[in-house]
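Pasting the structures in now, so scroll down.
The following pair of complexes shares a single chain, chain A, combined with chain B in the former and chain C in the latter.
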Partner chain A sequence: MIIFIGIIQAFFVPAVSPLFIGLIKKIKARFQNRQGASVFQSYRDIWKLLHKDEVISSDASWIFRLAPFIVFIVTVIVGASIPLFTTVFKQLLTSDLLIVIYTLAGGTFFLALAGLDTGSAFGGFASSREMTISALAEGSFVLSLFTVALIIGSTNLFVIADSKNILFNNFFLPTILAFFSFFIVMLAESGRFPFDNPATHLELTMIHEAMILEYSGKRLALMEWAAANKFFILAALGANLFFPWGIAQNLNLLPVAIGVIVVLVKIIIMCLVVAFIESVTAKFRFFRLPDLLITSIVLSAVAISLIQKI
Partner chain B sequence: MNQNNITQDLPQLVFVETFGQTAIFEAPAEELLNITRVFRNDKNFRFVSMTATDERSSWGGFKVWYIFSVPKEQGFIALFIKLKDTENFPSLSIDFPDTWNYERKINTFFGLTPVGHPDLRPFILHENWPADIFPLRKDFSWNTKPKIANGVYNFQEVGGEGVYEIPVGPIHAGIIEPGHFRFSVAGEEIVQLEPRLGFTHKGVEKLFEVLSMDDKVKLSEKISGDSSFSHSLAFCQALEQLANTKPTERVDYLRVIFSELERLANHLGDIGAIMLDAGFNFGGSHCARLRETVMLVSERLTGNRFLRGLNIPGGITKDIDDQERVRIVRNLENLLKDFSEIVKVAENSASLLNRLKGTGILSRSIAESYGAVGIAAKATGLKRDVRVEFPYAAYDKLILETIEIEVDGDVYARFYVRIKEVRASIRLIIQALQVLPEGALVNEIKKTLPKNTVTVSLVEGWRGEIVYFVTTDSEGKIDRVAPRDPSFVNWSLLGQVSLGNVVPDFPLINKSFNLSYSGNDL
Partner chain C sequence: MISEMGFAVLIVLYAVGALGSLVFHKHNKIANVWQSFFGIIVACWGIIFSIGAFVLPTNLVFTADWSIFPLLNFSFNLDKLSTFFIFTISLVTLFCSIYGLGYIKHFYKKYDIGLLGFFYHLFIVGMLLVVSASNGLLFLVAWEIMSIASYFLVVYDRNEPDNIKAGFLYLVMTHIGTTFIILALLLMYRFTSSFDFLVIKASADLIPATFKNIIFVLSLVGFGTKAGIIPFHIWLPSAHPAAPSHVSALMSGVMIKTGVYMIIRLFFDMLPPTQLWWGVVVLIIGAVSAVLGVLYALTEHDIKRLLAYHSIENIGIILLGLGSALIFLVLGNLPVALFSLGAALFHILNHAIFKSLLFLSAGSVINQTHTRNMEKYGGLIKRLPRTALFFLIGSMAISALPPFNGFFSEWMTFQSLLVGLASTSILLKSVFIFATISLAVTGGLALACFVKAFAITFLARPRSSEATHAKESDLALSVAMGSLAVICLFFGLFSGYLSSWFLAIASSLQSLVVTTVYPISDKLVTPSGSGSVSALLFFIIFVGTALVVVILIKYIINQNQKIKIGATWDCGVNLGSRTEITATGFARSIVLIFAGILRPSTQQDIEYHDSEIRYLPKSKIINFSTDDVYRSYIYQPLKKGIAVLALSAKNIQSGNINIYVFYILIALIVASLLV
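Moving on, here comes the complex of A and B:
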């Protein structure tokens, strides 16, 4: 049974992540009085790209060729190492919060290198912007997760997700503050509003899209897929670490099934919020983004200091 | 207009004739700078356009024309200098930067050298065009295919540590016209921007010399596809002035209605596009929807979404019946209701206003010295609107309450001038529909035009002032048509406006101008 569940755990993130990108697009379309494409469109896009030929610049080095695989595999490994619907995988080596955060950062590093590699001006400034934002986001990413880690007394993500009463044990305020902090980081790291506009066609405003502008075909499919995985991973971390309800604590079929449904519902709610933000606000001016990330750091710092008082 | 006043103050000028609203003067080339100074600084004449004509076949030389407008008297001055046995003319670009690009264009297309011009790189024609072939000279046949040349074009370079260049276009990620932008950037800040256009050059001015009259009108509609009606109106107006034929009152009113429908559709599209480029999707999609309702009205009325095939010399081809008059008013009232709601939402969005305000500021002094027109000028507080200053069609009979202006000169100001103009356009259309007088649709114009004369026709397109300068030869045939789209003037502002802004804000600034590439490249 544990092998079976383990396989599901390993393939869960890449299997369902495109659905949520499609879902956000659908919700946004409905907000704009449009019909919108089917929620499964992201799968079709990836399928289509996987069957297309590639064009690779003759100036591209091995970094450009290898980066999509590294970026994609990083998201698959991290996706398998975080609490999704069950907390039984506490012995996993990779489920420590620092390992998760910095493995993801490694993926971002290769993404930025790939953007620089072909020497295109768009990739260059996009990598520079991505690094600016992720350097600022890193602090609050760590601090917000440390808040819950301090409350529980462990940096193992499965252990954190196992404690169902985190919100009720006088830790309500720090947990909620840390969640807001984390939510800002999630938007920054996954390239959503108000940091980046995943739907834009304006090259000069892009961040994530400009880094992968030179990719086509299969490698582009991997990059798009990896971006979907990353969004799902961040959403799942937010859902399961700050609101750890409904997650299965054993391997029985019923709790696992409930766990799957509950985590999907939680992430659908997150998608609704993200789509709502993208529909009613404008993108921020680039130099206002650090302010937002600093707000996020302050929220985490306050959250941690509140734990010490109690 | 009193030409005696002008010749009294400037005895160097030779008065030639007055044709319609246009007074024609000849100036000696060496006195040009002084005369221009007096015209602009003392008499407050406004520089409108500048071009050249090749008249070597009649008297053996070229003329360089300077068109001024006299806002108070609703007239125009066409000043020319004769170039005989020389291909040089004095450059005014150092004193008057608004002549800069006109002189470059004359240099490239006529092979006449503006002496003293600091930048004589080819304009619009690219480095694959031989530098010694001048397509607007009469001895160049329109269907000549010159050999591909291998010239060089040197972009302006900015040195210094950490300054890098971003080449953008001519192919873009969106479906827009082609143009190349060369940014010099320090970090994210734009230190220089040089637009390079000309990718949609299609030889319009040469074609105007060879096409039949009907095709000339069609050609004018294609100069800038989103301003089809205004362009053909300006051209037909020029022909009507030459033939001294006035269309009926009904035609005047219909032309106002269609002009304003065009303005309405484009302004709604732009208001939406500005919001969309700021990432404010709600406003973007709803304004796109409203624009479509206007396009549908246009299609219902004329069979063409872009109002093409309507203007003909002496009249208009499509009428509006009484049933439609009621229907359009209902359509527009509904549109205004929806529009007001969208504007209210937009005005209450702090994140949207933060993007628009203070971005891409055009100072009033730069707008004035570069001769900015249309939305860009109105957004800096300059009251420039042909409809009010030089009324044409039925604009003098309708009450266009005021020229809508804003004073800040930023993206928000240009955004808001459009919002005000949308409201004003709806009022104007409803007003015109209510009093639409009876009359014939076409007054045939005379086939023979006066000989050796010129006329100037101005129309306020939705972007700004559209100018048509038309000359006839010694047989009374149309010799030269020099259209000037407002984009030609306003493109030169873009580099100035972008300075000091961050690169990700440039698309928004560009969209707030929304200039035509095709209208510039001709």
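Moving on, here comes the complex of A and C:
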């Protein structure tokens, strides 16, 4: 049974993540009174790209060729190491919150290098912007997860998700503040509004899309898939660490099935919120983004200072 | 052989290496081979000796009694902390010497190779004596040997006027630091009547608490100057780049750690009980140095200055570990204090390895392009493929990306700070929050900085003809860099096993003596078991996933797709070296965000065709720079103050002999009254 659940855990994130990118697009389309593409369109896009020929710039080096694989593998590993629908993998030694954050940072590192590798001005500036945002976002990423780690007394993500008393007693306020802080990080790291416009191809504003501008074929598919995975990972972390309800604590079929459904519902709610924000706000000017990120750091700092353990 | 004889052999062989290079200084080749050969052999012996001395059950304590001065004893105490530093110095020396074999060649017929060897070996002997001396005066002699020898290495490339300036600044700053150290040692002598470290340690209770505080401040300034903590760092970014690259690697990798060594020696071993505010001060200095170091690194486009600023950042991270250890020591939380000190020691070793790797790779690039300006690089990954790979590994290690070694020491530091966040005192809690924020932001900024350093140097198109015609460096250089890169990975993978070693070192210090045996395993575990991480497992999972993904994508789904080589999308303009992003441009947005700290300035010079009618500009120059706030707000006022003081002191010098006789009379009266 544990092997079976383990296999599901390992393949869960890459298997379902494109669905939620499609879902957000669908919700946004409905907000704009459009019918929109099917929620499964992302799967079709990835499948199509995987079978296309590629063009690679003559200026590019092996970094450009390697980066999509690294970026994708990183999200798969992290996806398998975080609590999704069950908390039984507490012994997993790659589910420490710091190794999760820094492994994701490794993906960002190669993504930014790939953006610079082709010598295009778009890629270069996009990498510069991406690193600027993620440098600040990493600070509040660590701090917001440290808040819950401090409440539970463990940095293991499964142990944090396993504890049900995080929102009760005197921990309610710190948890909520840390969640808002984390939510800003989520938007920043996954390139959503108000940080980045995932739908844009306007050269002056794009960040993530400009970094992968020179990609085509299977490498583009991997990059898009990795971005979907990253969004799902961040949403799942937000859903399971700050609102740890419904997650299975053993390996019986019923709790696991409930766990799967609950985590999907929680992430659908997150998608609704993200799509709503994207429909009603405009993208921020680049130099206003640090204000938002520093707000996020301050929120976490306040949350940590509010935690009083007896 | 693991005895005082072994240590004597170590020192004597370096001396032979130094003198031999002088003897053969007329023959470039022999002098090079001689110094590199001795460097390699003796460093190997140093590694074996230090491991041997480490596993000995007792410390190696010995005194050579041929001293002719009453207070200067040639006494040495090789405890676990000392042998750890001897190991670190020897390890870095080994690879720097291999590297030197190929690197020194470009100095042939330009400078005296023998002289380089002489000071190189003298410098290493100085460092070895500093970390093993057990007598204050012997320590000062060793400290001076190390400082003076490194001064001569900094000004070795003397045709460059900037290097002479940098050397002078280094010489002045290091001696200001030494003054503070001498004061601290004299204060200890005043109360314990001994310069012997063991005697001071035994009778540390005789020093009143107030004077311990003064000693703390004096030695923090003195040793902090050598370690490069902010604001005493101003010599570091100019001196380290000026030296030949394999010496920069030694200076940044190990020399600045000797300052940290003495801070550990004094406050964990010799002068307990610790005060709470010592730890708080060290923690705050560490936090500030880490963030400011990486911010200044971002503004740099001189590759070696960039790396030098990262040394300040990493010293900051080491001090975060030390500061938390001091605080937990006072709070009585010994296991966490041990763990924090272990984190600091692990980071000392890690930084020594990846920083020397980065400096050596930078040297390999500079050797080919003849400039330190990153804006003139570009596309070097195709011309120096091995150097590029090694620099990439170094960048990943210093940016704390798993599974390389840098991550695991930062993990330990983060975990100690997390324990501190739980403290009940408001003051301590806010200090720890500040430290955690700074460490987390430092991690992100370091990542940004190394994207810049690697990409601008190695990726995209060449920006100068030197970069276009660069070739891969010698085999000796690649061997040295490659071995360090492998060590970066290995020390990461075996971080679990290594951690018990660091805990053993930490628990051998007087204030941290714990008899608990630490289990040896492949994973790192926090003292309370609240967090654990296994590098080996991570690596295995990574390799396994990589295999599955690559086989799936490349060989199953994507069987007969072709890859076409095309041009980068150019929007209809010809892409050249001027359409790429520059190092300055890359970091500009971060610099503007932190404008309040970095104080960037923009200067525009426009030259017109007609100076009367200013319509047609002939040329435009924009100058981006950042103010050196330390120079303009701390060092310049200090200099002015000293000048004013000197001028007013001049007034008593009238030149009239009668006045001087009068002075003598007054001095005599005052002296007789006092006695």
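Observations on the model:
We adopt the following convention: the second predicted complex is superposed on the first by the 307 of 310 C-alpha atoms of A that agree within 3 Å, B and C clash if a C-alpha of one lies under 4 Å from a C-alpha of the other, contacts with A are read in each partner's own complex, and residues count from 1 in each chain.
Everything below uses one rule, namely that a contact is a pair of C-beta atoms (placed from the backbone, for glycine too) under 8 Å apart; a residue touches a chain by one contact, two chains touch by 3 or more.
Because the structure is predicted, anything quoted here is derived from the model rather than measured.
Judged by the touch definition given at the top, the superposed model places A:124 against both chain B and chain C.
Taking chain A as the reference, the larger set of touched residues comes from C, when chain B and chain C are compared. When the shared chain is aligned, chain C comes close enough to touch A:137, but chain B does not. When both complexes are overlaid on chain A, the residue A:34 reaches chain B alone and has no touch with chain C.
In the superposition on chain A, contact is made by A:194 with chain B only, not with chain C.
In the superposed model, A:286 makes contact with both chain B and chain C. In the superposition on chain A, A:278 makes contact with chain B only, while chain C stays out of contact range. Common to the chain B-facing and chain C-facing surfaces of chain A are residues 121-122, 124-125, 129, 286-287. Listing the residues of chain C that touch chain A in their complex gives 378-379, 381-382, 392, 396, 399-402, 407, 410-411, 414-415, 418, 421-422, 424, 426, 429-430, 433, 436-437, 440-441, 443-445, 447-448, 450-452, 454-456, 458-461, 523, 526, 528, 530-534, 537-538, 541-542, 545-546, 549-550, 553, 557-558, 561-570, 575, 579-581, 585-590, 592-593. Taken together, the chain B residues at the contact with chain A in this complex read 164-168, 172-174, 185, 188, 275, 277-282, 284-286, 289, 349, 351-352, 354-355, 359, 502-507. Within the complex formed with chain B, the chain A residues making contact are 28, 31-34, 121-122, 124-125, 129, 193-194, 197, 199-205, 278-288.
The part of chain A that touches chain C in the complex is made up of residues 50-63, 69, 72-73, 76-77, 80, 93-94, 96, 98-99, 102-103, 105-106, 108-109, 112-113, 116-122, 124-125, 127-129, 131-132, 134-143, 146, 149-150, 153-156, 213-214, 217-218, 222, 286-287, 290, 297, 301, 304-305, 307-309.
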